[in-house]
Structures are given as C-alpha cells and as structure tokens.
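In what follows, chain A forms one complex with chain B and a second complex with chain C.
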Partner chain A sequence: MSHDNSHAHHEPIPYHVFVIVWIALLVLTGITVGASIFFPGVIGITVAGIVTPLKAFLVMYWFMHLKYEGPAMKIMVASAMIILLILLAGLLGDILFR
Partner chain B sequence: MSAHGEAAHAVHKDYEGAKIGMWLFLFTEVLLFGGLFVLYAAYRSVYAAEFHHAAGSLNVFLGVFNTVILLTSSLTMVLSVSAMQKGDVRSSINALFWTFVCALGFLVNKYFEWSYKIHHGIYPGSEEMAAHHDKGEVLFYGLYYMMTGLHGFHVIVGMICMGFIYYHIRKGWITPDDYVKLENVGLYWHLVDLIWIFLLPLFYLAA
Partner chain C sequence: MAYAGVAPERTTFYEQGTTDKPTGLKSWLLSTDHKRIGIMYLTAMMFFFAIAVSLGLLIRLELLTSGPTLPFVNQRIYNSFFTLHGVIMIFLFVVPGLPSVFGNFFLPLQLGAEDVSFPRLNLFSFYLYMTGAVLALVSIVMPGGSPDTGWTFYVPYSYETGPAAIMAGLAAFVLGFSSILTGLNFVTTIHRMRAKGMGFFKMPLFTWSLYATAWIQVLATPVIGITLMLVLAERFLQVGVFNPALGGDPVLYQHLFWMYSHPAVYVMVLPAMGVVSDMLATFCHRTIFGYKAIALSSMSIAVVGYLVWGHHMFTTGISPTSAKIFSLLTFFVAVPTGMKIFNWVATMYKASIELKTPMLYTLAFIFQFSIGGLTGLPLAALSTDIQLHDTYFVLGHFHYVAFGGIVFAFFGGLYYWYPKMFGRMYDERQGVIGFLLQFIGFNLLYFPMFMLGLKGMPRRYYDYLPEYESLHALSTYGSWILAAGLLLMAWNFLRSLGKGEEAPDNPWEGTTLEWDTTSPPPLLNFDKEIVVTRGPYDYPEEETR
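Right, the complex of A and B next:
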C-alpha cells in the first residue's frame, strides 16, 4: 500500500520507538525539575532553556511524525519555527536590552 | 500529483493536504500562545522578584505530575495512530480511551489546583490580591490563570475531538486505510502537550 506519490501513509513504525521517546521525555523532565530544585538560579534556568526546546523537538519529530514526513512538510514546519524564533528574538531583545 | 492509475477507482483524498492544513492551524495556535509567552517575558523582566516569589507558591509536585500525565497521553495518542496504521482497530480505540482518561486526570488535577488557590483568595480581581499582593504578583497570577486556563480549554477541546474520532472509528468512517482524521487529532493533542512542556518551567519551576 505504499504509493510512490503519497507520504501520508508511511510504513508502520514499531511501538517501541514511541515508548523510548516517551521515556526520554520523562527523563528530560526529571533533569529540568532536578536542576530547578538543586541548582536554582542561573544553572536551573539554563538547563530548562536547553532541555525544554529539546523536549519540544522530540515531540514534534517523533510523536508528530515529522521524521516520517516528506521534505515539503519538514521545510514548512522549520520555516514557521524560524519565523517564530525571529519574532521572539526581536521582541525579547527589545524587552531585555531596552 | 498526476493522476495515477491506482487512484482511478477511489475517491480522491489528499492526505498530505489534510495534514498541511492541520499544521497551518497549529501555527496559529503557536502564535496565540507565543504572544502570551512574550507577555510573560516582558512582565517578568520588570517584576523579576515578584514573579520569583509568586511562582514559589505553586505546587511543583502537581505541575510535574500533570506533565507526566500529558506526556503519557501523548504516547497513548501516538500509539493509537500507530495501531490504526497497523490495522489493529481495537488497540487503536483502547489507546484513544487511555488518552481521554489522561486528559480527564489532567483536568481533575487542574481543578483541585485552581480551587485551592481560589479558596485562598488568589484569583484575578480578588480583594485578597488587592490587599496583600503587589502588582508583580497580581500580574503573575493573571498570566498563570490566563495561560493555564487557555491551555485547559484546549485540553477540553481535545477531549471533544477524541469523542468525535471514537464515533467515527465506531461508524467505520476511520479505517486502517483512511485515518487522517485520527492523525490530525493526534497532531492537535501533541501541540497541547507541547504547550504544557513550556508552561511547566515558566510557572512551576520559576521559583
């Protein structure tokens, strides 16, 4: 049933792949919480700042199936994320360094 | 997308287009919450100490517990899609059911969390807030109620969509050969999870 013109029906993905991603998300949550409790302040915020986007990436790439989508979808989502980052960087830059 | 021989016997369905449409909708959701995140950053930079203090009164355990619930619900949702893809409709429905249960559990926790705070007079516009809390804390709780409330609303919408999808599976309108509706509800549900992933450090771990 794999039509060459359709990325919508990709090959079935084994269940354990998603369980591994779920475990990774739980571990990363634990790291963020641990850092905020044991190293409050700069270290805790830095860890959250690195780990949280990483968690978002895991959700988007595996749970939201971006890994298995064609290049058109990947480029579209990446473009939207870059535009969002430009928006956030511009506004935050203005707020923080005014 | 030229007319392939295979497509001749079936009604034309553009799954790629359906998913792109869902993603476009999700981008508008990202902008909606993105704006609120910017507002949070702006007020936090002005009232750093007050935000820090107010965040300390939130229950970290409940926040983390709800994160675990939502992450698990995302797993069961993706397993539901995966099972449907493999032709296992029964497992797909089971996984969808557990996703719904997790969503309900999340809302129950939220209910207790909010009612505890409201019981102590901490809600936007309360006399307690005006008398004993300064402006920065009022702003923190305003954002807390606004953002977790808007997120909670999305959880409710997600649950309605799951019910809708369950009905469609039962009616045989979603099948292992045509399950893009299930996939799109899945995408929506993962976005709800994604937003919570960002809310956790901003509110619960900010102390």
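Right, the complex of A and C next:
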C-alpha cells in the first residue's frame, strides 16, 4: 500500500500550554463580549469578525493538535478555511452592496 | 494482464462475511464489508426511487388536463407530492446514489484495497442514511399534513407551515451527516489505501470523480446542516436569523441553502461523469482521450461549483454587483464541463464502439447532459433568467441534468457493473429495449417543459391555463413510456439475479482493477497484494480495435 504518512509523532503537550491557551480564549471571548456591549454595531461586529477566527485558530492549532500534524492535514484544514472565506466573501458581496 | 500479483479466488463475499455467520440477515445488517454495504444502499435506494417515481407519475397524471384531474388530489396534496418527490429523489437517491452504491462497492476495488479506510464508520453512515430516510417517511404522516414547502424548505414558509416540514428538514440534516462521513471515508481511503505503484494519475477516472465529490461532501454539507438548525432555532426559540419580523433576512436563508445545494449538484454529477468516463474507455476499447484533463476538470468543477450558488437567487433582490459576479462565475463552470464532453467525444472518434447497453446509456448521458448543461446558460444570464426563473424551463433544465445525466449514468453503471456485483449477466435484448423506452419516454416527458417554460408556465402550480394543455399532455404520455422502460429494467435485473448466465470475471474486457478479480469478488477483494504497473486505461496498441 502506498501510504501518505502525514501523522508525525510528538512528545506529550505539557498541561500549562493548554491552560495558557484556555486563558487566551477567555480573554478573547471577553474582548468580543465587551466590544458588542460598549461598541454595538459595526465596531462590535468587526471585533467579533477578527477575534473569532483567532480563537478558532488557537483551538485547532493547540487543542486539536494541528501543530503536530503533517502537511497533508494542514492543507486539508487550510482548504476548508479558504472555502469558508470564499463563502463569506460571496455573502458579503450581496449584503454590503444590496 | 495490466496488473501483477492477482490470483483469483472463488469464495465470494456472498459466502464469506465479516460477522460470525457468513449468511443470514444479521450477516448483512452488521457487515462492515464495503461491497455488502454498497448492495444494502442499492436495495434501499431502489425502494426510495420507486416511491419518488410513483409520486412523479401522480404529479404528471394530475397535470394531464387543465383543472382538477385526479379526484383525490387537491392543491394541498399536490404541494405535498412535489415536495416529497423532490426530497426523496434528491436527498435519498440522486445525491447519495452514485457515491454510496458504486463508490462503496468499487472504490476499494479500483484502488486495489481490501476495504475503505474506516469500515465501521462506513456502516454507521449507512445507518445514518436509513435514519434520515425513516424521518423523511415519517414526515409524510405527521399531523397537519405532509411537508408542502418544496424540497428547498424556503423561509418564511417553512417555519409557518405544519411540523412536517421540520421533520423533513431534520431528515435532510441527518442525511447530511451520512454524506459527510462517507466523504471523509473516501478521501482517507484514496490518500492512504492505493495499491503499490498507483499514483494519483494512475487512478481510474471514477475514483478521481469520487475524490472530488468527497471533498465537496466534507466541506459543503455542514452548511446545510447548520442552516436547517438555524431554521429550528428561529421557529422554536424565536432567534432572529431569517425572519424579518425578528430582525432576520430571508434572502440569507437562500444564500446558505444554495451554498450547499449547488455544490450538491456536483456531488450528484461528478461521479456520474466518472462512471461515464470508465464506460467510454471500456466500450471504445481504447485509452481515454485527455485523461489528465478529465481528472483535473473534476477538481476544477468541484472548486468553481462552490462559487456560483447566487445564480439561484437573481430574482430575489440580491445586489446587482453580486449578481453580475455570480453570473460570470457560472459561465466558468461550463469550461471544465465542456472539456470533459470534448474529451469523451474525442475518445469515440474512430473507435470501434461496442454498443452494449451500458454504452447506450453513456451516449444518452452525453446527449442529454449536454442539453441540460446548455440550457443552464440562459438561466445563468441575468437578463434571460428574469423571464425563465421558476418556470418549467428550470424543471426541464434540472431534469435533463439530474435524470437525463445522473440517473442515466447510474443505470448505465448498474448494467456495466452488474456482472461484477452479482456474478450474473443481465439480458442484453431486454436491456436495449428498456433503454430505448427510457430514452424516448424521458425526452418526451421533459423536452416539452422547455417550451412550457418559454411560454411562461410557472413551476409548482396545481393548475394551468388551457393553452398549456397539449404540451402537458405530451409530457404525461412521456412519463408512461419512461415508467414502462423502468419496469422492464427492474424486471431484467431481478430476473437475471436467478436466471442470468454466469458472468465471466471480465465480460467487457475492462482494464481497471475491479475487472482483475472474480465476479463477484472475494471478501478481501484480492488475495494477494496488488502491484500496479501501468495506467488505468492502457490498452496495448495491438489490442486497440
């Protein structure tokens, strides 16, 4: 069988890394909530639009071990993200210019 | 022999299973063998196909004359008929059909593998499919009547109508998960389980098409799942997403719905193109023209197919800027599709074509799919779409693609692989007559719809003006001829299971790997490791007729 051996072995991740990422996620959530309360409307949505992908990245990269995967897995995830961006661009192309 | 190391073994997968006992109901229901799962999908889908065809025949019968025709069909029931016809046909047959039946059965065989990457997940996908199917059938008998929204579940009607629409939506949600898991399984199988020596450009084109399809299944299907969940959230929790009264945007629903449902058309059609490519090479007895172009055009159709959903919404009031972009992008899809058609025609040029039943379906596919594709262009153009949107022209276009293209390819594939799947030959004469009836019936049924649409007949209407009657009658007569062809085909397949001649291992002199094992194959497909030494359609020069 020809194997696409993309799964690299790695050392166990220390717990403190997860704690740091968790705290970062909480802080980012606080920023999103705060922005939506104090700057509702365009600014709040813009902040959420920037912070949310950042949170998704942290979850995928650390919690879902993407950092330790081979290139095939990274390309797969990246292509899903690109598709998502395309879908959002198509949606905004209507909503912003309607 | 194109491949080394194959030693046929005579115990078939019907006699040797993955459970304790090789035969009996349990050995099928709990089997993780990809071939048995493929046959279970086939059995279930033929049942649902029969239901959907019956509903379609009832729709055509009601439309035979202007005014009420059938005494038991009123406007509400008519709405349910076309909704259920669409939901069952699309979500239970056309979308999962080719990948789940032929993909399951033949992907590992064409790769030289023993099974798919995740056999248990494969069985789980089947049960998710059956769960979704049961939910869809339950929706028919829900209090308040069967779903009547059309297969698109457009808001705001879908959360104002009876609870059956929610049940049907839930069915589509569950079926979506089945599709995602099948796609995931196929992507992994293709990446990790190819036989030794089989690079990507030594894969058969059916496998290539499954690869492109699987990516769409994985990436696009979640969008419809989330959308249907949002409809539920809006209906039960009053969250404003699509309802203007709650601050939502109904056009957003259409965006999200078509983000999935347009790529889903390619989930349906790409494997059909793959089957057609395989059959063309086999029945022309020559290497397919432009192998790499056909393979890569599948991938480009998959990519461009993501970008064109807005062409379903030109008349909804979307922004003109966005409409122009979607229109332009839609025309781009015609490029890779045209590449395939030119390559298929070039393959047939000066070939000694063997007109067996599968090849007849292949030719019908090219003819009908071309009409379906070309009639898509007036719908992609902003000006003409305003006239044609939501008319019978759209119905004609869609059915020429979905039935004339995909379902004809499905039937062609069934004839082509029937000897391998069941170890028996079908009756060729009945096959040809059945095909002719289907071809004539299909064109008589759907071609008048283009004319009806151009004259302004709207789709989904229970009644119509007398001026449309003759074309509607013609269409209904076509449905009867088509039904006769389908019945003859069903009879041929069922009868041949017991009385058909024993099939040789390679009845068509095919060159892809599935023809290098026994008919039907053994449990693990091949009893030795496969080593691929040449391309999937390499006919030696002296054998090319």
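Basically, the second predicted complex is superposed on the first by the 87 of 98 C-alpha atoms of A that agree within 3 Å, B and C clash if a C-alpha of one lies under 4 Å from a C-alpha of the other, contacts with A are read in each partner's own complex, and residues count from 1 in each chain.
Operating definition for what follows: a contact is a pair of C-beta atoms (placed from the backbone, for glycine too) under 8 Å apart; a residue touches a chain by one contact, two chains touch by 3 or more.
Values in this document were obtained by computation on a predicted structure and should not be read as measured data.
When the two structures are aligned on the shared chain, A:G93 is found in touch with chain C, with no touch to chain B. Between chain B and chain C, B contacts the larger number of chain A residues.
Within the superposed three-chain model, A:A80 lies in touch with chain B and with chain C [touch as defined at top]. By the touch criterion stated above, A:T52 is placed in contact with chain B alone, chain C being left untouched. Within the superposed three-chain model, A:I43 lies out of touch with both chain B and chain C [touch as defined at top]. Once chain A of one complex is fitted onto chain A of the other, the partner contacts of A:V27 are absent, as it touches neither chain B nor chain C. Shared interface residues of chain A (contacting chain B in one complex, chain C in the other): 1, 3, 72, 76, 80, 87, 91, 95-96.
Only residues 1-4, 72, 76, 79-80, 83, 86-87, 90-91, 93-98 of chain A touch chain C when the two sit together in their complex. Looking at the complex, you find that chain C touches chain A at residues 113, 187, 191-199, 215, 218-220, 223, 249, 251-252, 255, 259, 306-307, 309-310, 317-322, 325-326. By the touch rule above, chain B contacts chain A in their complex via residues 1-2, 4, 6, 15-16, 18-20, 23, 27, 30-31, 34, 37-38, 41-42, 45, 60, 64, 67-68, 71-72, 74-75, 77-79, 81-82, 85-86, 177, 180, 183, 186-187, 190-191, 193-194, 197-198, 200-201, 205, 207.
Those residues of chain A that touch chain B in the complex are listed here as 1, 3, 5-9, 12-13, 15, 18-19, 21-22, 25-26, 29, 32-33, 36-37, 40, 44, 48, 52, 55-56, 59-60, 62-65, 69-70, 72-73, 76-77, 80, 84, 87-88, 91-92, 95-96.
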